[in-house]
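Paired with subunit B in one complex and with subunit C in the other, subunit A is shared by the two complexes that follow.
After this line comes the complex of A and B, so read on.
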């Protein structure tokens, strides 16, 4: 079996096991939509703030589910990988001719697939709610590409946590920390409208702000080269760091095995 | 009566001991409200510039009341998780066998939830004051505000206890948590109800939590409004959920836990 075939098989397994757990499918689809509805409803009047960059708060906030969904996918994928370790599946797999790169790529292939499905769902809900992408159809394609890259980047962090700790609970423990990154960002207001200095500084230092702003630019601005370059740059960087760390953790774990 | 008190104190002591000796249980219940307070009061303070927003103590105080009530409600829900865990582990079965007056079990868990929330509320209040929250109300107003939150805590605990005793599994967590989350966020969280529009305004206007929030905010500002209504709503919720919890206890007894 070639490495590509091994990767495809493990990716298929990753997707199928996610689909077999309805809670893992429904929660990442519905929870971000619920938070979007609540925030967009409650903060609708923020549109009246001088300098607010969109006519509709819903369109402004639509970027957030793409990042939140990636966090969910990461947790699910990391937890599944940790379960493989806890149940001994990884040990049995290591006795087969499977290449370690195929394990990582297969696992992340599953994350990317789920992430893409989620992104299509969020985009569909946004369009159905009357949001029109300023960047047009090409922008929608770029948005899905960016959302997929973000899912891959966060997925690699989840894989690292799973391989390093071998514990599903430890991976779940990452979720609040990632949620902090989401909330201490420009998710609810543009950075220039955040009044409290330390919060604005924290949001500026927080890479998640740039991921959100990249997605948001495609929805409410059009083609903002700087926002897109930062978003793709940060997603790519997080992905490289995560993949490097996960590869190292896998090597260490297989050596132990 | 003495039997109920003895059972309640024993159950409360055990639940409190469990929480305060286990950082994994204690820290989230303290950190999450602080985190929400930071994210909302820090990140959204500019919302107070929206035309029509007129709240004396400022946006920090506006959000403090929401987070105080939210911490009270979630303190109760977290206690419900503990009850479900006790049923899953088999401890509750032994408790039901040993307790001479079983309604003391519900009372005991409620006492434990109260102690747990008082800890969270103390930390939250100190942080809010240090962050520069303005307080317009006098001691009587503040007593009313914390009294209101205390009844909310009792109501949420009784709700979660009723669910936990019916389903008797940790998987019931979302059933306890999600309705509380929704009812809290479908209230005027970010702006006063007058500034809400559309569907969220329609829901918030019939949501009982709106009365609690508005009265709580008026007490913090020192301009009490609709306080009797809010206490009436809170007491009615607590009474209804007390019945729900006791009937849940009877179900658990009938099922042999």
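After this line comes the complex of A and C, so read on.
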């Protein structure tokens, strides 16, 4: 069996598992939408700030759910993998001719699939709420691609945490830490309008800001090459770091000869 | 090392040391013949699971060497895995998948021809009696059902050698008997070599052609159950006085008939010097000393007696000792 076929089988399993855990499906769809509704309702006066880049705060904030969804992907990928370690299912897979790369790719393939479904949902809600995508149909495709890449990048971090610790609880402990990165980013205001110096500095140093700004540019600006390059660049870099670390952790975890 | 057999298992001075200088496996030599059911008997923490993990390629040995189906477990891991099936100590199942989905995944990963996957899954479901539960999620299965599914998964690719790590632990007697029947059938009808670890004396006695008794990472006795019991040969008499203060007097009488052996508190036991015909003499001697006896019984040698003789401890009382380290990466 080819590595691709093994990956497809394991990705299928990953998707089936996720769909059979309603909390893992509903929470990533609803919570980001709820946070979006609360923020858009409470912070819409930001639209009046000189230099605010959008007419609608809702459109401005619509980028955030894509990143939040990716954070949930981190949780799902990591928790499922940790459970496989805890139940011994990883040993069962290890005793088959499965290649290590297929295990990781399959798990992340499932994460990417779910991440894509989430992104389509967020985009659909945004369009239904009257947001006009400045980058057009092609921009929607690029947005979905970027959202998927971000889900893959964060998912690989979750997989690393799971493989390193073998504990679902440890993976879940990572979630609040990643949320801190989200909240000290440019999620609610453009960086140049953040008045508090330390916050603006933190947001500037925070890669999550650039991921949000890349998604946001496709929604409210159109084609901002610099924002997109930074977003794809950071997502790719996080992905490379995450995948490298996860591959190493998998090698250590799978001591099979 | 003896001549290689295609379905056999051989190990020579196998050692696995965990962090903290814990010698979980401490110089094991093994030779399991093709088609044989080999019972690996020992208490928790004796090194059974670590040995299985080494032989199934999940854990490299610290030193020593082993071949399974003629392949070196360290250097030919993939070849070994092609030849073996394994049901490890915990039923390694995904609670969110159904039984049939587990089999679907395993048949695919083992690269069975696509046209055969469904029929092989159905055949195995029927064989382990899970047809009706096949489309239910595993989280709703009983312990026995999980064990049977685990066995079915281990058999997907028709392995030549089967490793079963405490397959009946926690099962009710009916499920245990059903699993024994299936394991025996696999060995007798299909010629599968079975390496079975257990802490149940009865399981080793009933099922195994040969038994290796392991304690503290070393094999302390090996042979057929009959051979092992023959090493002990003589029956044991155990007596409990009606008045506990007379325990010493009972011991003095019994020791005229054989050497003392460990037994439960409040009792005295001796391994008889000449055999069971001495029982009547013992009763007469106790009566002559005017000692009232609450219980007296004679028992034939068991594998537990073998364990006791070899280690100085009863197997059934040895489970509370240090647990075996979990065989993971170190």
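General observations
Convention: the second predicted complex is superposed on the first by the 255 of 257 C-alpha atoms of A that agree within 3 Å, B and C clash if a C-alpha of one lies under 4 Å from a C-alpha of the other, contacts with A are read in each partner's own complex, and residues count from 1 in each chain.
Rule of thumb we're sticking to: contacts are C-beta pairs under 8 Å (C-beta built on N, C-alpha and C of every residue); 3 or more make two chains touch, one makes a residue touch a chain.
Values in this document were obtained by computation on a predicted structure and should not be read as measured data.
When both complexes are overlaid on chain A, the residue A:188 reaches subunit B alone and has no touch with subunit C. Of the two partner chains, subunit C is the only one touched by A:97; subunit B is not. By the touch criterion defined above, A:203 lies against subunit B but remains apart from subunit C after alignment on the C-alpha atoms of chain A. Subunit A meets subunit B in the complex at residues 34, 38-39, 41-46, 48-49, 176, 180, 183-184, 188-189, 193-196, 198-199, 203. Against subunit A, the residues of subunit B that register as touching in their complex are 28, 31-32, 35-36, 38-39, 42-47, 49-53, 182, 185-186, 188-191, 195-200. Put simply, subunit A touches subunit C in their complex at residues 1, 5-6, 9-10, 13, 16-17, 20-21, 84, 87-89, 91-98, 166, 252-253, 255-257. Those residues of subunit C lying in contact with subunit A across their complex are 56-60, 73-75, 77-78, 80-82, 84-86, 88-97, 101, 105-106, 108-111, 137, 153, 328-329.
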